[in-house]
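Per-chain residue numbering starts at 1, and chain names A, B, C, D and E are given in the order in which the chains are listed.
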Amino acid sequence: MQLTSLNLNYAAIAPESIVSVAAVVIMLVDAFSKKGARKINAGITLVSLVLALIAVFGLNSAGRGSYFAGMIVVDPIRVFFSVTILIVSIAVTLLASQFLRDEALPPGEFFALILFATAGMLLLAGAGDLVTVFLGLEIASITTYVMAGYRRYDTRASESSLKYFLLGSFATAFLLYGMSLVYGATATTNLTAINQAIAEGKVQFPALLMIGAALMLVGFGFKIASAPFHLWTPDVYEGAPTIVTGFMGTAPKVAVFAAFLHTFAEGFNAGGVLGSQLHHVWVTAVAIIAALTMTVGNVVALSQKNIKRMLAYSSIAHAGYALVGFITSEAAPVAFYLLVYSLMSVGAFAVIQLLARAGDQKVETADYAGIGFQTPALSFALAIFLFSLAGIPPTAGFMSKFFIFKSAWDGAPTLRWLVIVAVINSIISVYYYLYPIVVMFFRPLAPGFVKPKVSAMTAAALILALVGTLYLGILPNRVMSAIGGSSRTAQIEQPIPSTDQITLK
Amino acid sequence: MVPLSWYLALSAVLFTIGVAGVLIQRNAIVLFMCIELMLNSVNLTLVAFSRFLGDVTGQLFVFIVMVVAAAEAAVGLAIIIALFRTRETLNVDEADLLKL
Amino acid sequence: MNLITITTFLPLLGAILLVLLSLRGSDDQKAANNLYRYATLAITLVTFLVSLVILARYDSSNATAQLVQKNPWIGSLGVYYHVGIDGLSIWLVILTTFLMPIAVLASWHVTKRVREYMLFMLILETGMIGVFVSLDMFLFYLFFEITLIPMYFLIGVWGGERRIYAAIKFFVYTVVGSLLMLVAIIAIYFYNGGTTFDIVEITNNIQTGKTLIPGNVQVWLWLAFALAFCIKVPLFPFHTWLPDAHVEAPTAGSIILAGVLLKMGTYGLMRFNLPFFPTVSQKAAPWMMGLAVIGIIYGALVAMVQPDMKKLVAYSSVSHLGFVVLGIFAFTDQGMQGALYQMLAHGISTGALFLGVGIVYDRRHTRQIADFGGIATPMPQYSTLFLIVALSSLGLPLLNGFIGEFLILLGTFASPVPHAKMFAVLAALGVILSAVYLLWMIQRVFFGEITKKENAELKDMDGREVLAMVPLVVLAIVMGVKPMTFLRGSEKTVTLVKEYVMGKPAKVAENHQDR
Amino acid sequence: MEQFAQIQVSHLFFLAFASLAVVAAFNVILQRNPIYSAIGLIVVMCSLAGLFLTLSAEFIAAIQIIVYAGAIMVLFVFVIMLLNIREEDAKADRQKYLKFLAVPLFLALIGVVMAALKTIGNPAASPNVPGTVENVAEGMFTNYLLPFEATSVLILMAIVGSMFLARRESAEDTNEIETALNAANQPTAVEESSEEEVHA
Amino acid sequence: MLKWITLAPLIGAVINGLFGKRLGEKVVGAIACGSVAVSAVLAFLSFSQLTHATPDANGVRRVTEHFFTWISVGNFQADFAYLLDPLSGIYILFITGVGLLIHIYAVGYMHGDPGFYRFFAYLNLFMFMMLTLVLGDNLLLLFVGWEGVGLCSYLLIGFFTKWNVAGDASKKAFIVNRIGDFGFMIATFLVFTTFGTISFVTKNIGGHEVASFLTQVSAPTIAAGGVLTAIALLLFVGATGKSAQIPLFVWLPDAMAGPTPVSALIHAATMVTAGVYLTARCSAVVVKSPTAMTVIAIIGAATAIFAATIGLAQNDIKKVLAYSTVSQLGYMFLACGVGAFAAGIFHVMTHAFFKALLFLGAGSVIHGAHDEQDMRKMGGFRKYMPFTFGTMFVGWLAISGFPPLSGFFSKDEILWKTWSTEALPTVAGFPLSKILWGIAALTALLTAIYMTRMMVMTFWGEERFGKSHGDDHGHASHGHDDHGHGHGKPHESGWLMVGPLVVLAVLSLVGGFVGVPAAMGGANHFEHFLEPVIAHAQPHGVAHAPAAGDAHGAAPAEQHAATTADPAAKVEEHHDTTTELALAGFSILLGLIGIGVGFAVFGKNPLKPMPKLLEDKYRIDELYDATVVHPIETVSREGLWKIVDVKIIDGVVNGAAKLFGGISGVLRYTQTGFARNYAAVILVGAIAIIGYFGYIALR
């Protein structure tokens, strides 16, 4: 056993390493510095995230392929999803300082947790093996369980945290069980090898593979909050501090989608009789889940009075839209969609974080009556994010939806009804996205309005989200062609590490 | 040699018992234990496959699962403690502030 | 830099300028508001002037798109920034740029959030021009939707009492149609080979048979497009958003809504439905005509019994736009030219009607017909102008409304579409009814004794209002007396579109023999 | 009878541990006192360790006892004691229907999985016996190098997270939070939000 | 030159309309009258030019003038071009002539009105429109004038804007006219689709010479048929609107709410005869359809007698004249219906003279009586208003058909043509022509009676003015209250008003001599002059015979030589001379009887109550209200708006929204807040998915 055959390439895990190291550094700094080292912490976090971003762009220098015995891969999906994750993390870090200061919450742990979560998500996005998928997922999930309960004094936060934790672990168990069955059926945990095994008819227990895939679908379905595994979302999103909601509504979902793509769109997208059977089954299932998810998300959002809950349902619906893109196994539309979704969602939550005031006191939509022209910049920003979420041009939300619909229409001729369902859902969604705008701009001012203070960092985060939303809505070409390379995921043409390297004789 | 399917069947039964436990139990800690039971049953599947395939990967996976379970236990129990502090109960049905 | 691009984005640039102006910060809110008003007026006027240059450069003997600019925009989607004008769009662009300064003048009394108001107006203008000049489906859709947002705010923020309901209704209705259209756009894109959204190219491909869309699919796609446009038009029975939107919108909003936004629907029908799906369009023609005729008569009848002036004018729009749809689906030169002309005429006259209603609303803060009566005495100038406008709207010869209505009816009467003669006759009833409701309103508002003392001391129009109203009235007369000036511009393209549906004349003759 | 003839000691071991595990598992989910549940779980884990031994996975069996039964379950019991949780109060179950629902769902799930398991037949075990410590160690530091390292991140994170959550909030902290919240929600004089111009 | 005939008044209108307020009455009056005078002079010059023009191959003299191409779309073309031929020639003469007189009169009549300038702007605009109507060389331009005069009529009826009655009347006039216009428009479409042109002259359309539709229709190959009948009837629908025939006559009496000069010019002399002009202009089409001819004749006769009976019972002097106008218009259509278009036009002209005279006279009376229109408050005005009385006396005799006044010749001509026509079918074996003649004759009698009643009530008998002082019956007072006259004794009007009366009286006296029929020793210049542009009716039933080769029946108007060239016709004409003279004598007798009866009945008892039904105008307005107006309004408001729009369409839309809201409201209860619940749902979903995958795998 030669170590070189493991293809150890530290450049391939540079982003994860940077972030993890930074997390440790923060813990040390926090331990050895006086209170109020928030600025240092935030600075370190930001710097490390930016460095990680650079490292992600540098991934290409490592070359496309899989490293560390196939545990991690470098491919456009990873690169693009990592970028998205890092952008969200950066934005949330920017937003966090004001949140932590305003609520006097300990900063060290928070930034460390952000970094740990980011590390986990980056690992998840680059996972090339079921074990890294599992591990990355767990790192990311467990971190977010903690973050959801970051306001320890707040019952709602604890409740949110507990629900998230219990149900998340419950779903993880399903995922894990699925993984074990897939492993048993294919005798490997490496995704590429799984693909090859299916394609070459080497699957010993086809039925177990199918059941395993189903269980994994349940696990992933939970993590991306798709119906009927979505029920935790509104409760958890509502109870968590808004900024955490913004974070966990986006980044983990993005990372899970990356793994989802790697496993299903690449791993379970193989040729052969079994392969096509499996592919057909999961695509159909995903299509049904997508339809259900969009519909439930949008319809229930209609009757929400709490803006955070409304956005939670909206995030469910958006997972549904992303799943529509998923059925073609084409990564580019999904990737673009999630980038856009992350930007606008983080943006929206950021504004709400400010408007809700410290301690999330004003989260009923009605609380925002008439503030439109009192704090125009924030209100218009929120309006733009909402329009984008609704998919109205010239915002990125439209562009991404268009990309999804287009790809689904072309890529899955038998599932075109799904595009229609998605469109009808978009129509329904317009109604509730307009509602906060109506309240903010068209209603008279509610008493007790306090103009939010906006720190420079918060402003920077908002600008990042806003500029991104508009830029991707008007000039998406650059970004789209950047991911265009991965538009059809390679199926078999990719060189796979020979099985004898990853299994011991 | 005990057939593979026996192990798998036992694992499935244990997993399902764990699932049922999540529905039946009300105490957060017990719920959590049920989840641990589910994870454990998966370990059995993995080890069984590992043996029958003659492949150590399954066991390595189990190792990772154990670590994860440990981490999860640490955090999960912390969450439960935190909730208990604000709520004075571990009944998950009482934790229903967030709904509708 | 391309002239059309300049015209399209000039208002947007103006909007940015406005923002920059406001950054200066001023203690004097009043002066600042005035600055915004004048700046916006100047921007819209400049845009109008630039659009006149387009008109000057436009070659009416050429049926195809001119002054074209085509740049790759979103390569990965095959989307181009492709703009240009042809006979269908040239006058609509001019109409837009022409109505904008008037709308700005009509908004002088807006005191609430002037800067934002003007910003929305300018963004709206860019959107509207964009719709008409886009030669790429994607771009078209983009602009089509962009217009929603500023209009939504204009109604929602600066509207009347039930503005929220109206704004949401307006928005949701339009989105319902347009999103289905989006699906159709995607579908056509793929039937055309999945390389381009270019309208010109796709039209050519479909017309030359290079792109074949299965028959039943065509029907669905046609319906998707038609639904979007019929809602926008609005064709009966998709019209109920219109009265609400009009009644609640501020005056300028109504002017723009009636003057330009509704035209996007009829324009879309001519730009997409007819060239893309000639066969389906032919089959659908009797149905569309039927709906149009129902709309004409229905709109007129309901307009007749409205107690609110704006609502009356709104329902009259339903009726008038019914004529346009009728003309489009006549598939004759007269009908389609008439339809295009009616779009312009309706833009001018109905815009002026809304302006007129706005003028009294500014004074009395009511639009109920019953609250007026006899105001011809205190406001003779206003009454005269309003009367001319009303007459043009009811289709009096030598005013603009007549040309369009007459050509449409004539074209429909001469149309090869089944039952067209019957539809023409029924639609002509609408001409009678339009006289009924408009004159009834005129009589109840302007004539008779003054029953309310508030009305006795109404001030006649001031200079600004005259400035806004007179160009419309003059244009109404000019368009009625010298229609060829305008008709020549669209002649060639309209014939081309007709031939897209009916085939070249030789073919028509064959069809006739077949029948 | 043929089947019976094949019964070996390992079968007996399996059956013994398996029945123990199942009984204990039911004990976990049916007990009302958390401590009894915890004990049940420990029994399950130990039985599983036994089963691992029958699968020649000595290393895993060992850490199953050490980590799971030893560490994790102790933690559970510790928390149960710490929080002084006794039998569940007699309060009516607000979700009683779940108990009835659990049975059919249990049967359905197990039915589906069993149906699939029926198809696998009785494959011969591999001649390789991978469970030795050496095997595991070699795998751990070659193929599983990355996951192994990643677990360190996981554990570090778990430490940070659990310490943060479980730490009792001091009165000082609470005061500080209250002051901060009040300060943050005070109406501000004039602080023009410095952010972007929306329409730019 | 033709264009200046129309443009002169238009310029006057524009100047007066835009600057009139600042110009002062004198200047406004001068501009108005001056512009019409220019127009009139030019009209006379053009007319003489026309008489000297070389006739074309068909013997038609024409002067044409092309302004610009108004509308040209595809193969449809409508020019802004004028055509002067004998028919339009006669029309422009009396329009400008009578128009000028009325303008002059109105300067006096409208003196002091604050809307003076507005009035003359409208009036001048009317002249422009009316002249465009008659000069237009195609149906569409004719329609422009047609609608234009309607507009001016609308504006002028509603001139007293403060007066509700005027507003109602003006609106009614416009809308009722629109109903007629509907027919006109459809007819235009039919003409276009049938003939490919709507022009009265040959046009170059898209490089092809397209003969006028009148020429085309006269071609022997064109058989009479449904389309031609439809065109003719639809054109007649238009005519019934403009010329106040049954069933669209209701607007004309109400239109008397306008100032009296307006009634004289528009609602007696010119505009209302546009329908007759249209019918005569399109005579080539009309004669091709026996059905249409019959309908026109019957409607004309029916209107004549119907209106005459109502006229008997009216107390408002202008209303009497209004119904009289309707009745006389009925005559004209009767003439058209029997194929005597020339006679119809002749009556149009003479009617223009004497009815304008009567209206202006009535205006003078009203003016002199301080804006009193109710004849019950008049009487004995003879001595206060000698000139008015004298001139109206002439008008009275003229309309009563007293020879040799103008009315006699034209009316007599119509009666005779009705009697002698072959264009009408027989009803139950009895010739319809004779029935219609009977009706027409009876109408003549009634005309004499009600005109006598009017004269008696106004000029003879006891002086009833001032008696019911304070009893405010005079609805016109609202309109005229700006005049500021107090009530008192009637007085004669000023020379500005009397002058035109005198001129018109003279014209009424002698106007008939241009058309003295041959039977009475005249040459009937009028008819011969019109001959080339008027088509000949064919005997009823001929149309059913094979059209080809039947030169007599299908003689194209423009190709037809003068009637005298047709020997058969000549003989026929000669034969009937005796009958004609006898009938003329009878009609004179009728007139005298009528006058006699009038004096006998009303001489002593001018206030004799008349049948209520007649006084209420047969309650036609009420009937229309109840059967048409009210139902439409109610259905629109209660049905279409409040049910279809609000309940059904919005109901469906809002219902869909509510439905989703409802579903949403139900679905949100899945969000119980109980984690175990969620777990159960997850489990159900998981089982479903696993089951699906398993099912596929194990199938």
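Everything that follows uses one rule, which is that a residue touches a chain if its C-beta (ideal position, glycine included) is under 8 Å from a C-beta of that chain, and two chains touch if they have at least 3 such contacts.
Only a predicted model underlies this, so the values are computations on that prediction, with no experimental measurement involved.
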What are the mutual neighbours of chain B and chain E in this structure? A, D
Farthest chain from chain A, going by the mean of C-alpha atoms per chain? E
Whose Cα centre is nearest the centre of all Cα atoms in view? C
Using each chain's Cα centroid, which is most distant from the centroid of chain D? E
For this structure, which two chains share the highest number of contact pairs? B-D
Roughly how far is chain A from chain E, going centre to centre by Cα mean, in whole Å? 78
What is the distance in Å between the mean C-alpha positions of chain B and chain D? 3
Between chain A and chain C, tell me the centre distance in angstrom, where each centre is the average of that chain's C-alpha atoms. 43
Would you kindly tell me how far, in whole Å, the mean C-alpha position of chain E lies from that of chain D? 98
For chain A, jot down the residues that touch at least 2 other chains. 131, 135, 138, 142, 145-146, 149, 152-153, 161-163, 166, 170, 206-207, 210-211, 234-235, 376, 431, 502, 504
Can you list every residue of chain C that touches 2 or more other chains, as numbers and ranges? 172
Within chain E, the set of residues that touch 2 or more other chains is 657, 668, 671, 673-677, 679-680, 683-684, 686, 690, 694, 697-698
Chain A to chain C touching residues, read off their complex: 332, 372-373, 376, 387, 391-394, 398-399, 402-403, 405-406, 409-410, 419-420, 423-424, 426-427, 430-431, 434, 437-438, 441-443, 475-477, 480-481, 484, 487
Okay, in this complex, where on chain C does chain A touch? 72-77, 113, 116, 138, 141-142, 145-146, 148-149, 152-153, 156-157, 163-164, 167-168, 171-172, 175-176, 179-180, 182-183, 186-187, 189-190, 194
In their complex, what parts of chain D are in touch with chain E? 94-95, 98, 101, 105, 108-109, 112-113, 115-116, 119
Contact set on chain D toward chain B in their complex: 8, 10-11, 14, 18, 21-22, 25-26, 28-31, 34, 37-38, 41, 44-45, 48, 51-52, 54-57, 59-60, 63-64, 67-68, 71-72, 75-76, 79-80, 82-83, 85, 88-89, 91, 93-95, 98-99, 101-103, 105-106, 109-110, 113-114, 117-118, 120-123, 125-131, 135-136, 138-140, 143-144, 147-148, 151, 154-155, 157-159, 161-166, 168-169
Show me the residue ranges of chain C that touch chain E in the complex, using the header's touch definition. 169, 172-173, 237, 239-240, 243, 298, 301-302, 304-306, 332-334, 337-338, 374, 376-377, 391, 396-398, 402-403, 406-407, 409-411, 413-414, 424-425, 428-429, 431-432, 435-436, 439-440, 442-443, 446-450, 481-484, 487, 491, 495
